[in-house]
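Below are structures written as structure tokens.
Across the two complexes that follow, chain A remains constant while its partner is chain B and subsequently chain C.
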Partner chain A sequence: MHFRIDHAQARGRTLLMAMTSVSALTLGAVCAMAQDVDPQAVVNIGSLYEPQNLDNTAGAGQGINEAFNGNVYEGLFVLTDAGDVEPKLVDSYTTSDDGLVYTFTLKDGVTFHSGDPMTAADVKTSIERVTAEGSASSRKSTLDVIDKIEAPDDKTVVITLKTASISLPYNLSYVWIVNDAAEDISASEDGTGPYMLQEWRRGSALAMVPFDAYWGEAPSNGGVMFQYFTDATAQNNALLTGAVDIITSVQTPDALARFADNPDFTISEGASTTKELLAYNDRVAPFDNVEVRAALSKAVDKQKLLRAVWGDYGTLIGSFVPPTDPWFVDLTDVNAYDPDAAKQMLAEAGYPDGFTFTLDTPNYDPHPIVAQFLQNELAKVGVEVKINIITANEWYTKIYKAHDFQATLQEHVNHRDIVFYGNPDFYWGYNNPEVTRLITQSEAAPDTDTQTDMLRDANEMIAQDAASMWLYLYPQIVVSTSNVTGYPLNGLNSQFFAADITKAD
Partner chain B sequence: MLGYILRRLVILLLSLFIAAVVLFALLRLLPGDPANALVGVGATPAQIAAAQAQLGSDQPLGAQFLGYLGDLARFDLGQSFVSRAPVIDEITTRLSVTLPLTFAAFGLALVIAVPLGILAAVKARRWYGLALSVVSQIGIAIPVFWLGILLVYEFSLHLRWLPSGGFPLRGYADPARAVQSMILPVITIAIVMSASLMRYVRAATLEVLGSDFLRTARALGESRTHALIRHGLRNGAVTVVSVLGIEISTTFLGAVVVEQVFSLPGMGSMLLLGIQQRDYPNVQGVLIISTLLVLLTGFLADIAQRLLDPRLRQERR
Partner chain C sequence: MDDGVNIAARVGSRKNITLWLGAVLVGVPLLAGLVSFVWTPYALSDMVGGRLETPGWAHWAGTDRLGRDILTQLMVGARVALVVGCGAVAIGAAIGVMCGILAAFATRFADDALAAFFDILIAFPTLLIAMLVVATRQEASLGTAILALGIGLAPIVGRITRILTKQVLGQDYIVAARVCGTSWPAIVLWHIVPNILPFLGVNLALQFGLAVMAEASLSYLGLGAPPPNASWGQMLQEAQGTVYSAPWGAVLPGLALFALVIGVNLLADGLRDRVSSQRGEA
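The block that comes next holds the complex of A and B.
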């Protein structure tokens, strides 16, 4: 489910048009046709996420995915903006009956920006770049399942797995196919995408121009320039003065008023994958008790919290799964707001007078505000919250590594990350053998439908178990000048596909 | 004079060494390992260990410190933990923004402050002399980032005369846009700096006006203006130059703040980002180079003061 707010409707701020992002894009394209689209126009994109270098296996940060995924580099598969996994550089592939051997046939006529043709050897080295010992890729462990990669001929890649993995195509969508002749790509590139890097000025901007020999459809604009800001206000000012055409993600609702009442701008809201949650340490009392967790979940009015933090934007979620995951199901009714029932459940669980716990709260937005809200809400059912403010580094050492906490707040940004609930050693220590079994075995599912069914079951179970308190899903807000259309709305995995963006005169 | 310069140079190098030691120690007192920041949440212990080995953050502090001093002596600031690029390269690129910004702002501040400061002193009893003093007092109280925001609001968002921030991709190869993007930041710093400079100039001029030599010059028949220009300026300049060293360092720090407001890719944003990412080489590099620049200005200001004031030149220490 995706929402798009038209500026005219946003004035009333009541009417939301629900449509798939595909139809939203089509509509956008039709609107743009009415004006004169300039296919040579350079689209200026404002962003707060400058890459640290240009190599996604060398700690470049999320900014490199935004700038390069699907634009400069492509994978064997692509994670589309709607959340589907589709073939990209793969023409077709087969899986052996035991699910252990994947045979990929590569697309013909794909060349790198340097002019070299893409071959199976390039694919092999590209995957090995991610799994290499020195690789700092956050996706490295998802490819641990690979036993060996072979390239029997230029067009064929055979991947043999240690155990069956239905998610392999999805995980491969994170792997850039890089020319194996390119050695260091931390300051240059050699990909197959529709754009080539033109120039990058650290701290300032990164420009890309269309690649003339691109195998697919040529971009519908004359190039893209990402302009980087360290300050959200400066970024908004740049949009207001026309220095940039789009800003990729708005982090607070405060600035939106300036754009909402102005017909020169379009505010689009997509579905993000960023979940704000209160994670209990499910190993320790009283949070090892399902009744207690469910009671606390019922004690908190999440709608009110979302309004306080995001105004009219954002979505409520009943579990950890965002709408763009295939196993999403609306679970907001499970353990829904009901303070009276919460009190009663607490009494039944042996806490008629409530209890006290410490909430380790990261010191950056929105966590401190959320913590105070929870403190108020839970006080109403007799539970006292002690707020302990910590830094991101302390969070990492104390909570993520040492599991030394009662409860904490955190935002989890990844797509398809329900798998964390299948790992009893994860920081929140949720341990339901049935969920672990479902999540583990779903990887060995014979097809994606079975996988989806199993993970949907797991999703419903964690919701019933109130494994954590899922507060809300961040909105994904993109603001643009109204003559620019065709940009991605959901920005999954921080991606920002630029090739379909059009700019009218 | 040569002996003085040499002595002064030794003090400069010694100060730099002490600064290097303090910086190294302070950075290591920060909690958190840069390896964690580099590989991110979700990394395996093996990945973290590999990152530590690669960064050298697994070595004993003593070994890290000796390596660091050795590199410094060879003007090698190392490689960024995060971008893997040589620190000195990034600093050079960013100084090409920060230094012009600093000097242009300081030059403009002098152009504003010197005549107005003298005027405020000469006409101290007239209403506009008083008004100038009041305005400069207010100017000192204005935070530089706040003034920057106000100027953006008026000249970028409202009047649309100048860009609200950013720096062209091609830098000075795109001179018109590069200069445009510098105008508001330069004015912002210059206004705030000129306020405090004006007070120094005013005080120095008042002192000169009350001096015996000026009275003598007037007694010999020179007009007040003529006497002030012929004898007063140079004498006043001695006092002003002595604070210039400090003032220009303040301007440099102001530039670091203002860069943030205007999204300029200078030393300021490099420093902030480096701190966030525990990128020790970058942070160390920026701080060492900034310290060097500040010490160097102080050094030059001291020498300039000696050249201006023959009494100091005669002094033997």
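The block that comes next holds the complex of A and C.
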């Protein structure tokens, strides 16, 4: 709740809207308290992301993180729903002065679901599972920086790095600590979390029950069941008919019409990390010119676009950094909507009559409609947009791999992904040596405050350079029946912590 | 005796109803499309209204997510559907009729080869052929869509032309014409084309319906004419996400598509009946 209010303040123009959802939530909580919470109730969660298997290093997809992170498995650290990194299975840790050696002391009394106590050896094998050659973990490269892992005694883990990395605790938050005696975890599990896997029915559901010997606070419900759907309509219908209690993310505002104004349901809006952007190829003319990029940004009314696509939901952030990243700063005022100034800047940059460019547009929602909006807006300042519809596969080969494009539309989903702007070889080709330096050196920062300051500076420079046109931040919308409360709102990195969910009669 | 007359009259009037209904269903979009060249309620891509406004006085068919007038899009969409339908049928007929007549005149071996070739091409879904043609071009455009669909329709037209031509070639008057020393090109022009045209025309009307549907499918997939350019298929695709909160956005282009295609089919049916009854009387 604390975070939500911060968030609302940061949003300025959408303050009123956010406040409404905060009060709706508070109201929801009060209502639920008035009823009797049933600690034995099983919470049914509807999701579209069925895992392929149960091992997050074996290409299981985002669904396994949603179901298992923080529920069945825990890491040394946890990324909270508010975006903070906090110790989980670590009791305390120290860093050497040069930032190269991390020494972790593990929590006492933590046991795996099989009954084995958690030791330093388990932690070492768990990290090595992710960095192993055959690992398909999407996070593998972030741990490349690890030189060696040692377990001098049962309670101590020492990690030596090749270069200093202030993000190590964050990166360790998605490394599951798995019992080293567990043989195959692709169809079973042995973690330390508050829930144990009860049953996995492939193609339909994953059932979890509370783990009696859990080291922390026991869950406030009698278990959770993730029910999987292949399309959003079926999922929404399941919520309407009471087959599920919560759906983890709503993909279109249209679906909400069926739940809004209905006292039986609560709609909650959190902050997602998914950003819709127009990425220029900053290597090619005229987009190698900062003036041109800034002018185009001023020519587009992003508030109007957001309304068109999402109705009353979503946020403007004015940069690539969402409010749940520690280095967030509201940059909506940088190159803000001002079509007259845009025209003048284009003339000054040598394009008094505008120019024409091709916008490679992925063929799925919302990109085509966003492209048409941009075509309209930019036509008003004399810039002609040719829309070229492409498939996701073409996007990957033509744009991401070959960098063969002028401009494109894309949504970027990750948390803390500003680092892409520090890589001149990334598909959009943004190259500001000062930004590259700040982003690279922030990893070697002596503490997280310094890291945050450096990345905030970098973000401001990137925004001033109008490196891309950041259109809006997607909303993260969770809909539940009104007797269910306590679920996470932001769902960062697809996580969905279930332990605090309560269900009233 | 009276009964017989009545039945004939009733059958006749039912044929007329089919014909008239078809004419109306085709006529309305035709008229809307023609009018759209000189007048539309609003400019095509102007965001003149609010988001998803319900149909009312200002916007007879409501607005879409970007606040654009749906009636305007429907009218321009009708134009696109008609242009693509006519263009594709013209290209399909030009290639198909030529190849079909050639096949009918060719040696046994060449005829069999061409017939087999038509059959193989027909086995390919028209849409798939169209997608292949679009893929070989750098950018999707209205012209590409017309060309693609025309090429897709050509083998169907070709096969029918070949069969019709063969039937005509077997007639005594062709033999008579040959005996009189009429040249082959003249026979084609004066005897074959006029005789296959009524049947071919009905079939081309059906192909028109097929082309309109295929164009909508291409646009739905993002392979049709790129925006700014309204197409019913593209409208359907864009309204898909808002089908519960603003059903008119998907229902209206869907209805328009349905009406035009069924209208063309009814019209073709009615024309065929008329042609065959005239033949019968003659």
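Everything below uses one rule, namely that the second predicted complex is superposed on the first by the 474 of 505 C-alpha atoms of A that agree within 3 Å, B and C clash if a C-alpha of one lies under 4 Å from a C-alpha of the other, contacts with A are read in each partner's own complex, and residues count from 1 in each chain.
The definition used in the following text is that a contact is a pair of C-beta atoms (placed from the backbone, for glycine too) under 8 Å apart; a residue touches a chain by one contact, two chains touch by 3 or more.
Fair warning: this is a prediction, and the values are worked out from it, not measured in the lab.
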item: A:Asn431 touches, of chain B and chain C: first, second, both or neither?; value: neither
item: Chain B versus chain C as contact partner of A:Tyr396, first or second or both or neither; value: first
item: First, second, both or neither for A:Thr440, with chain B first and chain C second; value: neither
item: Which of chain B and chain C A:Ala187 touches, first, second, both or neither; value: first
item: Comparing the two partners chain B and chain C, which touches a greater set of residues in chain A; value: B
item: Chain B versus chain C as contact partner of A:Lys386, first or second or both or neither; value: second
item: Which of chain B and chain C A:Gln375 touches, first, second, both or neither; value: second
item: First, second, both or neither for A:Ser482, with chain B first and chain C second; value: neither
item: Which superposed partner A:Thr105 touches (first chain B, second chain C, both, neither); value: neither
item: Chain B/chain C common contact set on chain A; value: none
item: Touching residues (chain side chain C, partner chain A) in the complex; value: 45-47, 51, 65-67, 139-140, 221-223, 226-228, 237-238, 240-246
item: Parts of chain A lying in touch with chain B, wherever the complex brings them together; value: 52-53, 58-59, 133-134, 136, 138, 140-141, 186-187, 199, 201-205, 207, 225, 227-231, 233-235, 237-238, 240-241, 243, 391, 393-394, 396-397, 400
item: Residue numbers on chain A that touch chain C, as the complex places them; value: 252-255, 257-258, 304, 307-309, 311, 363, 365-366, 368-369, 371-373, 375-376, 386-389
item: Of all residues in chain B, those that touch chain A in their complex; value: 31-32, 36-44, 47, 50-51, 54, 82-85, 90, 93-94, 149, 152, 156-157, 160, 163-171, 260-263, 265-266, 269-270, 272-273, 277
